[in-house]
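Next, two complexes with chain A in common: one pairs it with chain B, the other with chain C.
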Partner chain A sequence: MSVQPAPRPRWRPPLGSWSMLFAAVILSLILAVIALVPLLPGYDPYQQDIFNSLLRPGSVVDGRIHWLGTDFLGRDLLSRIALAGRVTLLIGLSAVSLSLVVGVMLGLIAGYFRGPLENVIMGLADLQLSVPRILVVIAVTAVLGPNLVTLTVLLGLTSWVTYGRVARAMTLSLREREFVLSATTQGASSAWNIRRHILPNVLPQMLILGSYELGQIIVIEAALSYLGLGVQPPVPSWGRMISEGQDFLQIEPWLAILPGLAIFMLVAGTQFLSQRFTPEGMQDADLTALRKRR
Partner chain B sequence: MSVPVLETRDLAVEFAGPEGPVRVVDKVSFTLDPGEVLGLVGESGSGKSVTLLAVMGLLPPTARIVSGEVRFLGQRIDTADETALQRLRGGDMAMIFQDPMTSLNPVLRIGTQIAEAIALHRPGLGRRAIAARVVELLGMVGVPDPEARSRQFPHEFSGGMRQRAMIAMAIANEPKLLIADEPTTALDVTIQAQVMEVLEEVRARTGSSMVLVTHDLGLVAETAQRIAVMYAGRIAELAPTEAIFERPAHPYTIGLLASLPSLDATGEMLASIPGQPPDMRQRPPGCAFHPRCHLGRDRTRCAGERPVLAALGDGRLAACHYAREAEAGAATAIPSGVGVAG
Partner chain C sequence: MLRYILRRVVQAALTVFGVVTAVFFLVQLSGDPSALLLPPDATPEDADRLRTSLGLDRPLPVQYIQFLGNALTGDFGNSFRQRTPALKLVLERLPATLELAFTAFALGLVLAFLASLVVRLTRSERLRTGLLWMAFSLQAIPTFFFGLLLILVFSVWLGWLPSLGRGTPQHLILPALTLATFELALYLRLLNSAFLQEMGQDYVRTAKAKGGSRVRVLVRHVLPNAMLPIVTIAGINLGVLLGGAIVTETVFSWPGVGRLVVQAVSQRDYPVVIACVFVISLVFVLLNLIVDLLYAVLDPRVRYA
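Up next, the complex of A and B:
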């Protein structure tokens, strides 16, 4: 093989691309708020102070700074955004994990074993897709009553279809690959083939889907909380905070804007970050790694 | 006589087709003795691969064995259940595939994949013992620096090295039967000889028997003790390697040998067999080869009566009504210098 002189690498921003850098910055910023604010002295997202309600960002009360001001009950907004972030992330990550596990499992089974089982699973998926997710959640919450666990499980169980369909499609082609036949001639069972040979080939794509779905789930959770069907007071959530803030939109708009900004930072951050796992993203990252090695 | 490692008797396989079942393997009988290498030769679609899949119990769902039996070390395996077959596959019988590029999982390290082949059959073996065995196996098949190479991925291996890794995987549990399905077809010509050498060496060392499927007569000439020539789902001729090359008794075998390039006959056109292999859905009555046969083309017996695989002495079998005549005419049909079996 002839060795060509390597072309001079084009200058690339840290992390390989501008979008990755942007994602990393806003994501670490919002994660830092969520993780670190509860450690601050005087942190209390529930402490009401009716005489100091609706303070502007940066106001000082009794020597204590409300960095982002206070809400209509005088609660510190920064503390509430941080706590709400934890709640949102907890719901989002749990729901995404649940739906990923369910979806991948069903998809692998449908794609590998085919037959009537596949028809049942894919029929279920079509059925699921024909009913708007938010409608299902509203209906079930109306019956069971809003609560954190119900919400998480519901969000998880209503979003498996994306993983299921992609996992099935990938399995359909992977199961015909010769390395699966080769493993079978080595004495591998179906379960072994699925676990050791198909799953590792499917998983990277599932993680990309997962990071995309995390954004979706967070937005839906915000929407449900906004409708009063999600997280219940006094526990804060970003969606609830927006709905509480909208009453004061004319006089103190930051009450609604700041939680909205928090949602944007988390969702946009995860979306851009998911680009990292696409082939183009991988290439960018490889090139960056290559440049570092020089 | 010891028990044959592999024995098929009147094996017939049918595929479901839109116009009814299609028989792609018909009355295939052969035995494989311990330590023996049997070459299975035939063109694409002659039923070689389907025969092997039937032996391993890996026929696709649209195919089924309609008659006959397969015995492995004396035990019926065509009727065995999946669990029993899983224990056999990779344990006592192992397979090497044509294309090492696609038969290795691209996302798993080479060492991991070989380790799996071991772990599947020796669940009690510890991680460290397996790792040591993997390195030993890779060393055996001539992969340099086996310890480091076992941590690499398939794309970091060349074609020849990949096929070596596949061989290591196949012999991991010292199988009694190796099935090599065109093991060198996907490799560079320069690598083919090396890989065959490695395969033959490790086979001899483990004492396994082997079925070597190929359409390369030169390859089987060097490795196999006996050769079975398949045509249209049946065995046309089965004989010791030397006899196949020196005294072929089936017109199809003669045609195959005549079409081989020879070192002596330079500047001549290569001989070819006229016509096409038959459509398996409309097999000619009588001998499947007769429309293309220089002996049988005009004979009513060949068109009407199906020849059986009959003994000619010295362990030679041919399915031809006029085997003696074919044998006598073979010398003039085949250019000298072809297939000096040796």
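Up next, the complex of A and C:
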């Protein structure tokens, strides 16, 4: 009777799968551009040079290399992409934090105290879902005028529903669990229960949601800036750079493609990575593990 | 069943009411429209007269009731720019938007179904993961940028299709494809998991045991069940679709409501903005209502409590 040799474990790429590796690589790349380019000597996102507009990537002017070329006003494209990335991340992270705080608070309140308050909060959520998010932002922008703070607050306040709904659902089941009941019988107040027992259990899920929502918000911000209703010039934004580049699509398509690529790298990177931690991603990972074991 | 329908209709009406109220207060925030309407050399007396004729001198609750009444009769005032009723402007543009949205909707669904069927019939794991990868990537590309890429390839480089405007069926292809991709990605993912789930059910084994061919089992038995989550999500997603239409229309200069609202915002033409918001929300609420009722018909397991 021959003994079968144990199958050699199959080699797996770092981070478990090719898609995770890909996500990590593109995300690190774009983050490196956003973080490091402003530290380079040639960095200047605003200086115009009309005689050197629409230069191809890699052109050298007076000893200064335009790695990605220049736009229609002769501004350095790489510098503008890097600065636009900082602006986008600032808006995205602030808006996500705001919506997460508002959403979790309302969700916890609705799920813990129930009653008419829950109906009001969930009714508000339904109302919000009944109008496209981008339309709300456009309508309010029409009245208040576009500026960075308004834009960020608006994006934050129109994005709380996802967190609110999930936080409420989780709270509904958490508040019936033994560790909460036991705290209550020992005289714990509602505030204590929420802070010490419910919030810590809800928060991890919320952060995963947040990392997914970050991508969504970046896309919406880019769309608004593309429409001219988001970030206002002279501050650069990827969306606006794409709309400016659209006019030169026939002759210099990279003007629109490069900022688009930047959006893709940031959004795809964060979403792929956050995907790993959603139920769907877990299931896929489990399936892969299962298949490997067989 | 009747109670369920009634409840949903009341709910939809309440939502529209909420939207109209929100719009009213938004208009209050925008301040005094007489400044925008009058020529720069107008006297304060002129402004007063205009305010009286617009009813702006009345108390807020009275103005609110009046606004509700006007909204009910479809009167949102005249466009500041074109001097025609705002609602009329919007309704003229509505067919173009609906044409685009429904074509995109159908295109996304059909492509997703076909792709999923091919995957199940060929049982190719490589094709499945490849499609899922594509779906994930597509979801990370902003709609307007994808549209731009399509213009670049099919209009600028290949010269096959027009890049802007509306008229012939060729004009519809690129905008509809652009708008469909986001959905396509979502439906691919959903169908993939729905199929995986349904294939393990007892009724599938029974159907196979009775000698049904693979195509027959898939199309007759699995597909209707796998469709349920899609219908739900499609309803919720119509809002995303209409929102996406706003951007897509601008990319392709498609003369719909979305392009109108963007133009109206940049021209500060408030009556048109309000009418657009009202009409888009109304369409959205109605579509959601229809989807919910459809859902109840499709799935007898839904309880109408």
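Here is the rule we use: the second predicted complex is superposed on the first by the 266 of 294 C-alpha atoms of A that agree within 3 Å, B and C clash if a C-alpha of one lies under 4 Å from a C-alpha of the other, contacts with A are read in each partner's own complex, and residues count from 1 in each chain.
One rule holds for everything that comes next: contacts are C-beta pairs under 8 Å (C-beta built on N, C-alpha and C of every residue); 3 or more make two chains touch, one makes a residue touch a chain.
Just so it is clear, the structure is predicted and the values come from calculations on it, not from any experiment.
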Joint occupancy of chain A by chain B and chain C, clash or fit: fit
Touching partner for A:Glu178 - first (chain B), second (chain C), both, neither: first
Chain B versus chain C as contact partner of A:Asp247, first or second or both or neither: neither
Which superposed partner A:Gly228 touches (first chain B, second chain C, both, neither): second
Partner chain(s) touched by A:Trp192 [first = chain B, second = chain C, both, neither]: first
First (chain B), second (chain C), both or neither touched by A:Gln275: second
Partner contacting more residues of chain A (chain B vs chain C): C
Partner chain(s) touched by A:Ala139 [first = chain B, second = chain C, both, neither]: second
Minimal inter-chain CA distance - chain C and chain B, angstrom: 17
Set of chain A residues, in rising order, touched by both chain B and chain C: none
Chain A contact footprint on chain C (complex, rising order): 11, 15, 18-19, 23, 26-27, 29-30, 133, 136-137, 139-145, 148-149, 151-152, 156, 189, 193, 236, 239-240, 242-243, 246-247, 250-251, 261-262, 264-266, 268, 270, 273, 277, 280-281, 284-285, 288
Of all residues in chain B, those that touch chain A in their complex: 56, 58, 86-91, 94-95, 97, 99, 102-108, 116-117, 120-121, 166, 169-170
Complex interface listing, chain A residues touching chain C: 19, 126-127, 129-135, 138-144, 215, 219, 222-223, 226-229, 239, 242, 246, 249-250, 253, 256-257, 260, 263-264, 267-268, 271-272, 275, 280, 283
Parts of chain A lying in touch with chain B, wherever the complex brings them together: 177-179, 181-189, 192, 196-197, 200-201
